[in-house]
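Both complexes below contain subunit A, partnered by subunit B and then by subunit C.
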Partner chain A sequence: MSEPIENVNDFIKKVLEIAFWVLIFLPMLIFPIILIVENYLPTKISTLMANPDPEMIFALLDSDFFRVAVFPGFTFAAGFAAFIGLWERKILAKMQMRVGPLYAGKFEGILQPIADLLKLMSKEIITPRGVDKPIFWAVPLITVAIAASLLAVIPLSETSVIARTDVGVLIIFAILSFFPIAALMAGWASNSKYPLIGALRALHQMVAYEIPMILAILGVVILSSSMNLLEIVRIQENIWFLFLLPIGAVVFFITALAELERVPFDLPEAESEIVTGWLTEYSGMLFGVILGIAVYVKFYAFAALFTVFFLGGWHGPSVIPAEIWFILKTFLVITLMIIPRGVYPRIRIDIMLRAGWAKLLMLSLLNIFVALLILELGILPVR
Partner chain B sequence: MSTMSLSVGPQHPGSGHFRLQLKVKGDIIVDVVPDAGYVHRGEEKMCEYRNLVQNIPHLERPVILDSVGVLYPYVLACEDLLDIEVPERAQYLRVAMAEINRIISHLYWLGIYGIFLGHSTMFMWPMGDREPFIDLAQLASGARVTFAYLVPGGVRNDVPDSFESQALKVIRYFEGRLREYDNIFFSNPLFLGRTKGVGVLTKKDAISLGAVGPTLRGSGIRSDVRKTEPYDVYDELDFDIPVLDEGDSYSRAMVAFLEMKESLKIIKQAVEKMPKGPVKVGMRGQVRLPAGESYARAEAARGAMSYYIVSDAGKFPYRIKISPPSFRNLPTIPFLLKGARLADMPVIYWGINYWPVEADR
Partner chain C sequence: MIDIPFLILSVLAIVTAIMALESKEIIYGAVSLAITFLMIAGFFIILQVPFLAMFQIIINVGAVAVIILFTVMLVGTGTVVATARDRKNSIFAITVGIVFAAGLIIILSQWPGAIRAVPISLSIKEWVGGIASMLIGPFTPVFLTAALLLTAALIGALTLAKSEGTPEEVKDG
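For the complex of A and B:
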């Protein structure tokens, strides 16, 4: 800030920097604060504190703010993500004949996520000399924001949904294409070789696997003739799309593993070659934000999307609530996505790209033909 | 596209005490300069200030995973110079311990190979299965890592009576585990895809680069000191030398895997055939090597290991020259890495089974 502006280049650079920070802070801090302060804090919460009224509480629980911040939204997803981290370590340990986390908490290391969080928070955040500071610091925020924005369209039940939009699938496609940009920003801003290689690998991988993923979802869109995720779930009341479109489900599952950079597709963070890939230069809570929150919230979001598209969302016998059905199914998908980590080694990038562009693309096209055939034969009850 | 230079090591999760200066063009490695010597300890010079027995503990320090294999040629060379006959029980005990240690070393190698390929289960399983063998070695020698079990003239102490039954139990357990390794790792389609046809070392190149051990046998050359120049009782035992012709990373990994099976066979025969009797030639006072020179070779876990001892009948040896297998295999690393993909670097590097501490000695 204190450097004097001497020429036009510096001036433009300064303007861009300011614009950058404004663009980062406006949607992430200022808009939410305005939303909270204007709509909720002065009116509802203060009246509630003065005069506790059950109806007011229910109204608050039913508000958009509660949905975004707490239940189907971020807090729930982050808590679930922390639990996924523990569950992953426990299930891997069982596969490898170990015990896994054991000492934090009375029962089977149940408090391990909290211990991990405290450890990461107590570590120093090192910003290496030579990094592009604004971008370097913005990447954790951006990755969390992108991952969390997927949550907006995921319906946990008829009522527990944040955004009731008719273009939910399009929104998912749009959000998906932001992930490689965030990885590339991290790799470039780190000003180091291993992050750069890791980011380029992430870019190749995500672009190559995005297209089969989109085509696999297209089969679902054809069958349900809607891009509204609520509508997609509603139409699966009698039969799940997993049974109608098994090829699409397999393609979506594999591409989800690749988009999540999970084993066997964890090349962007292959530690024996490129240290930790595009996360190498991050330390302390910056690393914790990316790995602990962004990556696992994304993991939850993809498993939830699999549930929405192929496992019939919240449908199930009504002995237990719809939200619980949804969470149980998502949990099953997450477990299935963890198991390859104990079974497979890492794949090589050329094998992976060939599989992505040739085999998975063909399979997803085949999936579209299957969907069209089902539509033509009229197997699915027409609305 | 311009080249980028990458420094892999010495502070890198996949290098050990060693540095590879790579030049990469895109994903292809175009130039490799191996930079060894970070852990040079001057073992050869240290030998000149210690007598025969004092040399034993520090000589096995460079290769703590394979401490019997690294000591074997040393005691053979000393016995050659002293001109003593080792009791038969001691010979069988040495063979059994050498093979136990070969399995311990190969399991460590396999575990690191697994994690280099991103296969965490293959890291945890071998590391866990080293434990019964380490317990077995502890039963015999009292130590868990550097046994210092071999001494010129025999072995340091006799084993307890329970050694044989314990050894047979461990062998039975590990035979079952090897089948599971085969299922999860060596038959894994992704493992085959990663290693088949990667880092091919032809027969001719293997000879001209002077490779030894599993690297040489993986290239289709039947060379094993235990068979070609049998020492101790190896010629009385029935075992095979696994040789595969492809010369790629897969065959090198497979040779080590099959060698563990053969080692189990050898341990079984050795503990069953072992006669009763003394385990050491008694040597009193400060033993001096007679003037002269001797050379001995033995098959350590990583390949042929040899010692050359020159003595002037003084208190200490005049000169000891060590030729470790890792140093002999070092030239194959840059040869194989040139033209390989960056993702294949850990596979090729660790597939050679290069141990920087052993090479630097």
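For the complex of A and C:
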């Protein structure tokens, strides 16, 4: 696109040129990729396109690939994440007597995520001169991969779950330990003051709040005597763990806010102090990938984990399907997590660390004590 | 019988282990070390012991690699170049490594358990129970010694940190 377009002739010429290159490259690149990928699917896409058969389509909907890529997996979570972004902006606007996004889409700016996406995609990606390029470019990919891998263990219902594993809680702990590494890598590779400060703050905060979070989940594990998330939800059929372990629920909620770097714990990306923290040097779609997809998918995953551990997962009157119950509860948790952003100021880092190491740790130990007491009194049947 | 995931994991583990030792920038070494630990967790998953795999990730990636990265970032500018190696030492190290590997191969090839692949299908309760009864049963002295060693290391680190005096100025990253 070097020459400026001045008249219709030029425009038609340009369009024909683009069409020519597309026709050249499409068979060369995209069709071989489809032919390779479809070997890993239960049905062949090329066969399906030639003669559509409803049974084959249903088989595709029931496959592992569909689960990972579409429904309980990534596409659903990313779409939900985009919606959370819009919902957050609307709620904050209403709390501050503003209107929020209004013009994109006919109703209350409902197409604003798509407008944001197009804006970010059309922006230039700047790689600053001093950065460490391999790590700098790897970080967006790594953050999205870590956030998305949390989705594998979250059960939306008995049937729509990706991994039915016995070590679900341990997998969550393992994935939690990757987030500070990604932040540190971003902060170091950016070769700039603010990202490094933000990354060190992120490390302090995540390490300090990981331990109370793990201990809070430990109470749930003690009561359900299983580390399988499906089993944890099944045992809450009659009574949610929110009522049995209220302290654990509060601790998990607060530590989730801290792990998500949300207000009042948004020190790693404090806009008014250190630009955007460890995201400062990222621009264009790289920033969009980290903030728009990774951070909000992580947000959805933590809200879903709160639902699994304390709100009884998919259980509810069977008027509505189980998945819808789960999504409704998750949505409620997300709304509760957004509200502090409109209410509280950012707290100082020493206060935050002292609260994490001293108070929340004590509370989570108390939570374990309560869980053991409940087991001893025999309120829940021991299995 | 060589399967593809095992091959990929082994190649990546060896390459990243060599990178962790040989890379000029320390931070690349630290990141490669984290990837090596991850690949070893992958071996545990192939061997159908997800419990051990997860603990490998939690401890080695979550704690050890983070501490190394943190130290590298706090101590230097990050572009610390490894000093020129002593050639005699490296030859000695390579010889010892080859002898050790040869010894391992000879010993393992004579052990019947190494060749036949035993598919393990135990539930997590049996696994955790087995590990717990081993730790509290025959391996109690080892367990206690390791705990004592870690406590001593912790106290030593605290003492070193205390006696440092004025905190060193952290240079710009």
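Going forward, the second predicted complex is superposed on the first by the 339 of 383 C-alpha atoms of A that agree within 3 Å, B and C clash if a C-alpha of one lies under 4 Å from a C-alpha of the other, contacts with A are read in each partner's own complex, and residues count from 1 in each chain.
Heads up, the rule we're going with is that a residue touches a chain if its C-beta (ideal position, glycine included) is under 8 Å from a C-beta of that chain, and two chains touch if they have at least 3 such contacts.
Just so it is clear, the structure is predicted and the values come from calculations on it, not from any experiment.
Once the two complexes are overlaid on the shared chain, A:180 sits against subunit C while remaining clear of subunit B. With both structures placed on the common chain, the touch criterion links A:351 to subunit B but leaves subunit C unconnected.
After overlaying the two complexes on the shared chain, residue contacts for A:377 are found with neither subunit B nor subunit C.
Once the two complexes are overlaid on the shared chain, A:193 sits against subunit B and subunit C alike.
Of the two partner chains placed by superposition, only subunit C is touched by A:203; subunit B is not. Look at A:275: by the touch rule set out above, it reaches subunit B but stays clear of subunit C. Within the superposed three-chain model, A:49 lies out of touch with both subunit B and subunit C [touch as defined at top]. Of the two partner chains placed by superposition, only subunit C is touched by A:170; subunit B is not. Legend: residue contacts after superposition of the two complexes on their common chain; A:95 is shown touching subunit B, with no touch to subunit C.
In the three-chain superposition model, subunit A touches both subunit B and subunit C at residues 193. Across the complex, subunit A is touched by residues 4, 6, 12-14, 27, 114-122, 124-125, 128, 184-185, 188, 190-191, 193-194, 341-346 of subunit B. Here subunit C touches subunit A in the complex through residues 27, 31, 34, 50-51, 54-55, 57-58, 61-63, 65-66, 69-70, 73, 78, 123-124, 172-173, going by the rule given at the top. Partner subunit B is touched in their complex by these residues of subunit A: 92, 95-98, 193-194, 197, 263-264, 266-267, 270-275, 341-351. On the subunit A side of its complex with subunit C, the touching residues are 132, 135, 165-167, 170-171, 173-174, 176-178, 180-181, 184-185, 187-188, 191-193, 195-196, 199-200, 203, 207, 227-228.
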